[in-house]
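Both complexes below contain subunit A, partnered by subunit B and then by subunit C.
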Partner chain A sequence: MLARAIAAEWLKLKRKWILALAVIGPLGVVLLQAVNYGLRYDYVMKQNADDPWGGLLQATTGLMLPALFIGLALVASLSAGVEHAAGGWKQLLALPLTRLQVFAAKTLLTLLLLLLSCTLLAVFTLAFGAVLGFSLQELPWPDLLRQSYAPYAAAMPFVALQIGLSLAIGNQAVPMTIGVLGMVVSLFGMLLPDWVPYNWPWLALKAETALRAAAAGLGGGLLLLAAGCMHFTRKDVS
Partner chain B sequence: MRRLLSAEWLKLRRSIVWLLLPVSPLIAFAVAWKAPLEAIGGAGWMEAYIISANVHGLMFLPLLVGIFAALLCRFEHASGGWKQLLALPVRPGAVYLSKLAALAGLVALLQLLLGAALLAGGLLRGMDGGVPWAELGRALLGGWVACLPLAALQLWASFAWSSFAAPLVLGTVFTLPNMLVVNSERFAPWYPWAQPLLAMMPRSEEGFGAFNVPAESLFLVIGGSFALFLAAGWLHFRRRAV
Partner chain C sequence: MDMNHGIGQPLGQEGRQPWLLETSGLTKKLGGKAVVRDVELRIGEGDIYGFLGPNGAGKTTTIRMLLGLAKPTRGRVTVFGKDLAKNRLDILRQVGSLVEYPSYYGHLTGRENLEVVRRLLDAPQERIAEALGIVRLEKDANRLVKGYSLGMKQRLGIAAALLGHPRLLVLDEPTNGLDPAGIQEIRELIKSLPQQRGVTILLSSHLLSEVEQMATRVGIITSGSLVYQDRIEQLKRRTAGRIRLAVSEPEAAWKRLLEQGWEARRDERGLTVPGGDDRDIAAIVAELVRERHAVYRVEEERSSLESVFLEMTGTGGSL
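Right after this comes the complex of A and B.
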């Protein structure tokens, strides 16, 4: 049943260019790095002469985190906005599905799309490095994988928050605005104390703190998802 | 025109604009009040201003322009409002210009609030006298002027796409590269989204990167992109089917 509910969600989002967004996000991050490298190749390569992969990975993260923050807000808002727009909730919830299944389908699709984006980022980064002629033997696989997936786990509280807000509030201007402002705050996340969730995606980039940040993110995310789900299952349909 | 503007005011009055306006003024207030500064008094004012203008101009200002523009068009998209508004005995061009004027007014209000918050924070700390009025005023006004092209573009995107998220994504996609662009002496002067920050930075001898480009080239870029975006949005608005 859940699989069919997810398929239905996918059908609704397919026409909203959402897959294109999931591809354009990571592609944009890598393309911007390509411009950066293209314009000042000699300077960048001289700076990272002993560790070209490390330099590339580090340069990518600066743009990856804000892209992740705006992407998660956008996907959550689009997936809920479809129903808010044209009395969709009444129709969807009249089907023989539990509220939990509806919530789970929307959440899982959001998570899958973001996971796809993170995977694509790793692939595009790898491809770009190969194009630049970096040796694949020296590729630091653990770093590449950590950088691609640990921030995703650490940002889970924000995924849960945006899903909850987008479902709870009909006016999608509110969750989108909160998402955009959250992205700006996250840019300065590493200046905040460790316990502030905006710092977790940054902590997830560093080898020493990655595991802790990812675990904290997953835990916090699950808690917030449970809260959002409880609110959604009890909410009146307007 | 005046009555169209007052209609915009009525629609804005109940929206979340009022929660968004204080965001960066609050940062400026906190910086002027509590941040560790090297000097108190004349130079301290500029130091506090530069810190807050960096945060404000790099991201908040260009992004807020996009959010304001999308909010201004939300009512019309939500429930057939375009049909209602354009069925009134007003020229479509006037509707478009009044929306642009409302948007420019909101940005002006934001800049004024930023200045006021900075002054309030500084006075609380006990910085008295030597407020560099001319420099502050010129920088805040420059930031406002530099936002006009972005306002025209975002307004165009906001009425063209009925989704609230789409124009916001457009704004974000072009604002994020600011982080890279402002460090580049060659490209920042030509990049419209970097102009608010560049215009808000006081010109000085020890500026770095693109912060020292001559004002003439800035105004060429700002004026040119404003004319382009305004003309394109205006033509599209007058010709499109409702």
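Right after this comes the complex of A and C.
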């Protein structure tokens, strides 16, 4: 049933350029790095002479976190927005499937698209390093994987928040505004105390704190998802 | 409950048990105010049930509760003999619905819209062509729905509702906002469905004229209460109303008729008599002519839904 619900969700997002969005996000992040390296190749390479991969990964992070924040808000809003635009909740929810299945289908599709973006970021970063002639033998796999996936896990409370808001509020300008504000705040996340969720994606980038930040993010995200799901399954459809 | 017994024919005495859909004490309160109060719907298999009421009377709220979109504050909904609160999915598998304006994904084609519903219902692929055929949308199936006219969107909504081969079809104001041609088209479509597909239809409207051409049974709701529920013939008898007589001296004619024992009524526009029996009308006209009244016009005056409502909800409960 869930697979069918996800297949239906997927079809609803046709012509919404959502797959393109999932590809363009990480591609943009790496292309901007290409510009960075293209403009000042000698300087950047000299700076990171002893650790070229490390330099590339570090340079990418500054761009990927804002992209992640805006991307998760966009994907969550698109998936809920098609229903609000259609006045479609009543048709969808009068079909023989539970509210939980509807919520789960939309949430899983959002999570999968974001996971795809994170994976593509790793692939594009690796490809770009290879193009620059970095040795694949020296590639720090743990760093690459941590950088690609740990911030995603740490940002899970925001994914859950945006899904909940997008489903609950008909006017998608509201969750999108909150999402954009979240991105702005997240830019200064590392200046905030460790317990503030906006700092978690940054903490997830560092080897010492990555595990804790990812675990906190997943835990917090699950709690928020449960709350959003409860609200969604109980409310009357207007 | 008591209200219903006071007005109209006692409910559920037509010997058509078991009902396909039945509500008992169905009540919905919003902000402390009961927008639907103790509604006792009875819909039999094969009925086209016209659910009538002015805007804001509680039709859509009732329908939302029948579909599990809103939870009743009190009361029970039983469909196909099962409790909706406990068997929602089982019941919804056999129910198709179109609530208020149709919902559709404008950025998808008509066919893709149906495919979304098909995937969720896990219905076979052929159903899409079949449903498109029933509502005659084959030609436009591959166009984006945002370019559809309102009538086409409404037909697409009905196609989506039919996709799961439902036993019960719930259509909330299906002709709202359509032009006369569109209304005619939807009406023909709805009328053909029970014979062709054996579905039972619940059809809501705020227009009696709309429903009376299709419905076999009607329920009338006003201010959240069901004030009337019976076969359409019973209601037609009530709205058939009176015969209006335009005569040269209405005052004298009225008195004469009363003297003769006819139940005539005098108002500012002339006089009226009950329109039940053709022979009575003939006798009344003959009497007036014999009395040398000039009879200008004899016309049937059908009461509008509004006047039926007034009669049903007015003081004293004349029904």
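Definition applied: the second predicted complex is superposed on the first by the 238 of 238 C-alpha atoms of A that agree within 3 Å, B and C clash if a C-alpha of one lies under 4 Å from a C-alpha of the other, contacts with A are read in each partner's own complex, and residues count from 1 in each chain.
To be clear about the criterion, a residue touches a chain if its C-beta (ideal position, glycine included) is under 8 Å from a C-beta of that chain, and two chains touch if they have at least 3 such contacts.
Since this is a predicted model, take the numbers as computed values, not measurements.
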(request) For A:206, select first, second, both or neither according to whether it touches subunit B, subunit C, the two together, or no partner. (result) neither
(message) Contact-wise, after the overlay, does A:95 reach subunit B, subunit C, both or neither (first, second, both, neither)?
(response) second
(message) Touch test for A:231: subunit B only (first), subunit C only (second), both, or neither?
(response) neither
(request) Based on the superposed arrangement, let me know which partner A:81 touches: subunit B (first), subunit C (second), both, or neither? (result) first
(message) Under the definition above, what is the set of subunit B residues touching subunit A in their complex?
(response) 15-16, 20, 23, 55, 59-60, 63, 67, 70-71, 74, 163-165, 168-169, 172-173, 176-177, 179-180, 184, 187
(request) Give every residue of subunit C touching subunit A within the complex, in rising order. (result) 64, 67-71, 89-90, 92-93, 95, 97-108, 112, 115-117, 119-122, 157, 160, 164
(request) Write out the stretch or stretches of subunit A touching subunit B in their complex. (result) 21, 28, 32, 36, 39, 62-63, 66-67, 70, 74, 77-78, 81, 172-174, 176-177, 180-181, 183-184, 187-188
(request) Spell out the part of subunit A that touches subunit C in their complex, as residue ranges. (result) 1, 4-5, 7-8, 11-12, 14-16, 82, 85-98, 236-237
